[in-house]
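Chain naming follows the written order as A, B, C, D and E, and within any one chain the residues start at number 1.
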Amino acid sequence: MELNGVPIEDTYAEAFSAIGARLLITAENERWAREAAASFTGFATSVIGSGCEAGVEGVASETPDGRPGVTVLIFAMSKKGLHEQLIKRIGQSVMTCPSTACYNALAGESWVSVGGKLRFFGDGFQSSKLLDGVFNPPVGRARRFWRIPVMDGEFVVEDRFGMVKGVAGGNFLLLGEEPQAVLQAAELAVGAMRQVPGVILPFPGGVVRSGSKVGSQYKFLTASTNTAYCPTIRRQVESVLPDEVRAVLEIVIDGLTPDGVAEAMRVGIRAACRPGIKGISAGNYGGKLGKYHFRLHEVLRS
Amino acid sequence: MASAIRIKGGRVYDPLHGLNGVVKDLCVEDGKIVQECHGAAEVIDATNLVILPGGVDIHTHIASPAVNAARGLRPEDHRLLCCPRKPGLRSGVGFTVPSTFTTGYLYAQLGYTTVMEAATPPIGTRHTHEELNDIPMVDKGCYLLMGNNEFILQYLKSGDLEKIKRYVAWLLHSLKGFGLKLVNPGGVEQWKYGKDVEGLDEKVNHFDVTPRQILQALTWVNEELGLPHSIHIHANRLGVPGNYQVTLETMRALEGKRVHMAHVQFHSYGGEDYVSFTSKAKEMADYINGHPNVTVDVGQVVFGDATTITADGPWQYRLHKLTKNKWYNLDVEVETGSGIVPYTYREKNYVNALQWAIGLETFLLIKDPWRVFLSTDHPNGGPFLYYPWIIKLLMDAEFRSQMLKRVHKRVLSHTMLPHLSREYSLYEIAIITRAGPARALGLRNKGHLGPGADADIAIYVDAKDKEEMFERAAYVLKDGKIVVRDGEVVESCPGRTIFAEVPGDDDLLTELRDKFEKYYTVEIGNFPIPLEDLPFHQAVPTGRPV
Amino acid sequence: MTVAKEMRVVKDVTCPFCGVTCDDLEVHVEDGKIRDVKNACVLGKDTFLHHLEGLATPRIDGKPASIEACIEAAADILARAKYPLIYGLDSTELHAHRKAIELADLIGANIDHTSSVCHAPSLQAVQTVGIPSCTVGEVKNRADLVIFWGANPAEAHPRHATRYSVTVKGMFTPQGRKDRTVIHIDVRRTPTSRMADTFIQIKPHSDYEVFSTLTALVNGHDLDVSEVGGVPLQEWRDLVEVMKGAKFGILYWGMGLTMTRGKYLNVVALLRLCQELNRFTKFLGAPLRGHGNVVGMAQVLTWQTGFPFAVNMSRGYPRFNPGEFSVADLLGRGEVDAALIIAADAIGNFPAKAAQHLKSIPLIAVDPKESETTKVAQVVIPAAQAAVAAEGVAYRMDHIPLPLKKVVDSPYPSDREILDRIIARVLAKRPDDGAKRAAPLPRG
Amino acid sequence: MAKSFILITGRTTKQGRTIHLGKQAKDYIDEVSALEMNPADMEALQVKEGDRVRLRTDHGSSVVRCKKGTVPPGLLFIAYGQFVNALVGPDTQGTGMPNTKGIEVEVEKDDSG
Amino acid sequence: MGEIILTFKGMGGSTVPLEADPITPDLLQLKVRAEIERLPLYHGNEQLLLGDFFSVKGERSNQIRLRGDLSQVKNIGVGMQTGRIVIESSIGMHVGARMTGGEIQVHGNAGDWAGAEMTGGLLWINGSAGNRAGSAYRGSKYGMRGGVILIEGSGGHEVGGYMRRGLIVVRGNLEDHAGARMVAGSIFVFGRVGGRTGGGMKRGSIVCFNPLDVLPTFRLTSTYAPLFVTIYLRALRSRGFSVPEIGGGRFARYCGDLAESGKGEILVWQG
């Protein structure tokens, strides 16, 4: 299969299930909402090293308080892990950020108390407001907001955040001749993929260069650089790279649903297939890593 | 209409006569149990039914100024149980502090025929009797509050025990009291200036006497007067963690004397606060097992709403502070105090769950059923309506372990309850709810089914579920008349007010008149209650008890 | 020939006039007539001396009738009524209360009494937060600080001061008045102010604010205002110090709180103040209750039905809801279709609209004396006056019951007898169908 | 010329005594129809002791006689009785107790007779 | 499923209030017409049948519509759990009291104790409510413990008293003691409030859009724009309850009642 003359390898991206949540951060203006979101999603690239993966999903069109806001997705390997990350990151990155408020933006399959834990920062002067379910017609679920006194007024944070089983580690690889051209293609892909709701690209700028494989020669390391894709050691290892390929970049996608991830892959690959790209592949671990297999050909056909 | 009834073919449980489920006919004539009916008799076919003497409650709060204040305080409670009027019967309300008529009906439906109001202030006893007059279906009496009476404290200070005896006799005689009640002796007097006593040897403000002296003096008086019932004690430090030591000390201080310790569950606590709160039921039971002079009622806690009503004013203030619930207090001139705080016992609250377990431990660890009696200290530990539930807990170890799984989980590791496999038999239930309390009260015509006994009889359908069985008596006979059928009251009867027949002592009047003038606000002439005010009454003779 | 005059002195007589319920009266009776009353205040004295003045006569529709015919007519009205009211019961005694409630239970009536329009707000306040209180003897024996608030006992409860609260000597107050500080707080000076060491005049409708302020000060808060109720905050601070410094304080209140804006919530605020003061000292509160035996009626009603006033029996069991089943509301909304007024003058004491409704329905009045109510009642049944010509029990303002004596005879039956006879006649006229009507409200 | 006041009611010794004479008795009626007013207010209304004034509320009106009292300016006092009852509305705000004290009234001199 | 229409036939001139507690969707949805007509209603000390007072159309529905002048009819929807009642007139006391769910619409005024001690559901009154809407019955520790009461007209005294949770919104005015002794929850009043608003409150919020006399036991803490107010106003609009625009508005925050724990607040719009 080819797209714009770029061969698409008949392989699949192997992704695993992760627990995800969606936050809505509002602020006085979009800038401060983005500041909080940036801080919240900072150092949240890989569950392996960061404990969670997070990213800004987009700008919210409608917010509970009518102020500008951005939505953020965060994924972790367990409910417990996600709960801890939410408390830490909202506490350190949102509560601290001027004028912000933080809401749940997901009808979850299960729920964790976040505001209910952060409230103790109020040292007894916190209070809460329960918005009845009659204001939430389809679901009918009441929402509790905690009000924590802070130096610029009150930090409002929702009590409970919904969690769903999502997908992490959706990906594709861009193989190209010139590093600059591959990066350019990656940028175009990221730009397109960011329009897709329900997904995030957790790595810096949405792109990762240090693809990894399972295991290493060192006992203490469970993952190491993906030697088969590293052009500089092509002759020293069993490489999969054609000779003309001198740079590979990966785009990793986490999403609330497999469909969202597939959609993101589709628009991303389409945007990336341009001159200078010699092939599209995907991180495939032989089915050992995760239960989701996104076959590139199928993804592009649908 | 025949006044004779023959109850045929029932299984009779009459512990006083050693009858343990013997199938036997019972004959009733003119309100009494007789050997044999003379002439025609109505027949109750009691085949497959269980026959017990009418229940006797040795400690309950159903009529007194404080009980009525509690009723008035809690309209929200009454909305939980409405009892409609029926022809010949009166309407009323439940739940934790039922109205008077309803109190009588509800007790009767459970098969109870004798109940004792455990605390009345002397000056309010006219009120108590008027309420008792409006409690039908049961015989009833009241214990006069004495443990903080300032005249007694004054006499005690001057060492005049004989005066105390005469004064107590005058009070009992004038007010038609049945027994003597001590509540937090010395502590309630301290409460009049906002304090309490910590231990038995702390001096009471202004009076230079100690709780120990009060306990010993009044116990001596009780025995000297030969009252049918022993002294009835609500010990110091009720409800307070670590109070078991005061309770033990109280019993030791009265060693060898007849003594009834009320609602011991509330006095069997270890620990230093409500976090380190522990059970000392074992220590208490060990002492009681070794001292046949002591009887107790348990004051079992049941889960749900309760109304705490007690003369123990300082404790009630503490409870108000703990719960922030509404708080009623009435200090009574010269005599005593009282406090009321609504309370809810919760299964998942560690302290409440432990209180529940301590009560059951007390029942199960005291070996002699003749000395431990069923009570919830109604309505302090919960309403008397839950007696059947408690009986089930005692008779059914499986049910107990189910409950243990529901309550706060620390209870499992902090009490002996999971390891107590004892199950009460019907015979033992008949003792702790009938024969035992009747004997402790010195009521020779109550609590048994021998000839000469009052024909107060409760008949139940034997069910596997003992709660179901005891909730609604199949028949209740009061003074030989069928008043309950199939768990419903079918006829009202007034019941009698029982009091101790203590001779009057008018020689003390001159002195008392002066004291009244100085310290009371009523004329001494208006203090005594004439017998005519108790339209249905019965005097119980005093003398050396057997 | 002279016939020896019958002369008797009845001692320890209890006075029925107010809630002080003095029980030390000596009534001198000569030939069945009361000639003198010793120990009583003027109000009590007049109660006995004038007990024969303005007596009512038995009549139906304004025409003289026998008592028996009146009872029959009354029973007729009550047996037919769908939503009757039984009201009054202040100037009578315990056994009449019993019978009135029994009658209400039988006919499914609303039953209320004079408390409803005097201290019922105090009762509601107690139902809300409780009350720390005591019998009057405790005040006599211990109180070193006595506050009268919105009350005028000097005129309404004349012997309260001398028997219980101001000049009286007691166990720990051997010097009487010298051992006590007395404070009067009200919107106007009254004779009570003259008994007090200090009089604080506050603006009308500011009691609630003042109680709240005092409680906040007791709780250690400072406030942003400079005055409350027209009195500088500093004065309230000083008062708080006096209250906290007392060994045993008591706050007596009157209808200055219960009848004004805020009603029971004024008393709630007062009671919270008293409760909070117990963190520092012994501090109690009590309403100055009673015209007559209102306290007694509340007591009996409470033990028989669970509720102290405003009880509705129409569903076959007692229900309580002030504002719904209270007399002023039942009449003001024109709901009840017949009324039995006993031992009180409803029409003489009610707001015009409520009185108007009473005049428009079948009305039975049982009273020793003529009143605005007897004037218009369809059936008037004169009764022997309780505490003078009928015995029984009355309750003092602190819930202590005292025996009432029959001092002289009356040609008329007592309230309890009249009610008992009405009950018998109603039973003869309609089936006792209590159970049929009953359907308890859902639990919750 | 009408002026607004706050009217309070209460017991007086005399009302308590004369009530035993019956509610038709002159002494009783005299007592419960006597309106205490601050002298300064009387001056402002141009009324003297014994003059008749009309009290008016949303619920009714009464004519009573004025007398000098110790009440503060703006406040009026009258003993319980039929004259004040006519001014009281039946609304109890769900408490059972009508506004019997602290009633806002309009007062004007009554020259009708 | 259709709806059940109950048309009130009047009470023959009687002024005795009618108690109609069986009229709840929970009960009526299980009944056919003949059964509905035989449900007991209580008129004074008489027990009569629903059919004596109402003509019945429809059956087995949890949607009930009531027609006729019902201002003397009490206890409609007491304790209801599900379904919907539409009342096309004014209604007597206790409408929706102790309700736990479902919805009641009143196209008229409601008597006292509307929604008293309710724990859930929506009570929407197009006209005015009486005293103690959403409050407690005497003696109860708590009033309303959940749910929403929307009042387009005014309310009487002690609205929201003893409130423990939930929301009351009043477009008109309130009399004295709004939110008396409330423990938590929110009250929004767009008109004026009477005296002693929030007296004895422990926690909770009373949001006033007009100036008021704040009790001396409340202290001004700050003036700010509380986000939760915006959240609530937007939620109200989304449910079709029109409320004023207050874009950029600030509120003075008074904490109190210091006679109690003092953790409640009155927010007063400053424009």
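Assume a residue touches a chain if its C-beta (ideal position, glycine included) is under 8 Å from a C-beta of that chain, and two chains touch if they have at least 3 such contacts.
The structure displayed is predicted, hence computed values, not measured ones.
Participant: Note the shortest touch-path length, in steps, from chain A to chain C.
Facilitator: 2
Participant: Chains in contact with chain D and with chain E: which ones?
Facilitator: C
Participant: By C-alpha centroids, what is the most central chain here?
Facilitator: E
Participant: From chain A, which chain is the farthest off, judged by mean CA positions?
Facilitator: D
Participant: Max contacts between which two chains?
Facilitator: Highest contact count among chain pairs: B-C.
Participant: From the mean C-alpha coordinate of chain A to that of chain B, what's the distance rounded to whole Å?
Facilitator: Taking the mean C-alpha position of each chain, the two centres sit 69 Å apart.
Participant: What whole-Å value do you get for the distance between chain A and chain E if each is reduced to the mean of its CA atoms?
Facilitator: 45
Participant: Which whole number of Å gives the spacing of the CA centres of chain C and chain D?
Facilitator: Result: the chain centres lie 23 Å from each other.
Participant: Quick check: how many Å separate the C-alpha centres of chain B and chain D?
Facilitator: Distance between chain centres: 55 Å.
Participant: Of all the residues in chain E, which ones touch at least 2 other chains?
Facilitator: Only 112-113, 131-132, 137-139, 158, 176 qualify.
Participant: Where in chain D do residues touch two or more of the other chains?
Facilitator: 93-94, in rising order.
Participant: Counting only residues that touch at least 2 other chains, which ones in chain A make the list?
Facilitator: Chain A, residues with two or more chain partners: not present.
Participant: Among the chains present, which pairs are found to touch?
Facilitator: Going through each pair of chains, those in contact are A-E, B-C, B-E, C-D, C-E, D-E.
Participant: Quick one: in the complex, what on chain C touches chain D?
Facilitator: 17-18, 42-43, 46-47, 49-51, 53-54, 112, 116-117, 120-121, 124, 152, 155-156, 158, 187-191, 201, 204-205, 255-256, 258-261, 263-264, 309-310, 322-324, 326-329, 331-333, 345, 348-355, 369-372
Participant: In the complex of these two chains, what residues of chain C are touching chain E?
Facilitator: 81-84, 107-109, 124, 127-128, 205, 208-209, 211-213, 215-216, 219, 221, 223-225, 228, 261-262, 265, 268-269, 272-273, 313-316, 320-324, 333-337, 436-437, 439, 441-442, 444
Participant: Which residues of chain D touch chain E in the complex?
Facilitator: 93-94
Participant: Can you tell me which positions in chain E touch chain C when the two form their complex?
Facilitator: 14-17, 19, 21, 40, 42-47, 78-79, 93, 98, 112-113, 117, 131-132, 137-139, 158, 176-177, 180-181, 195-196, 199-200, 215-217, 219-220, 257-260, 262
Participant: In their complex, what parts of chain B are in touch with chain E?
Facilitator: 73-77, 79, 325-326
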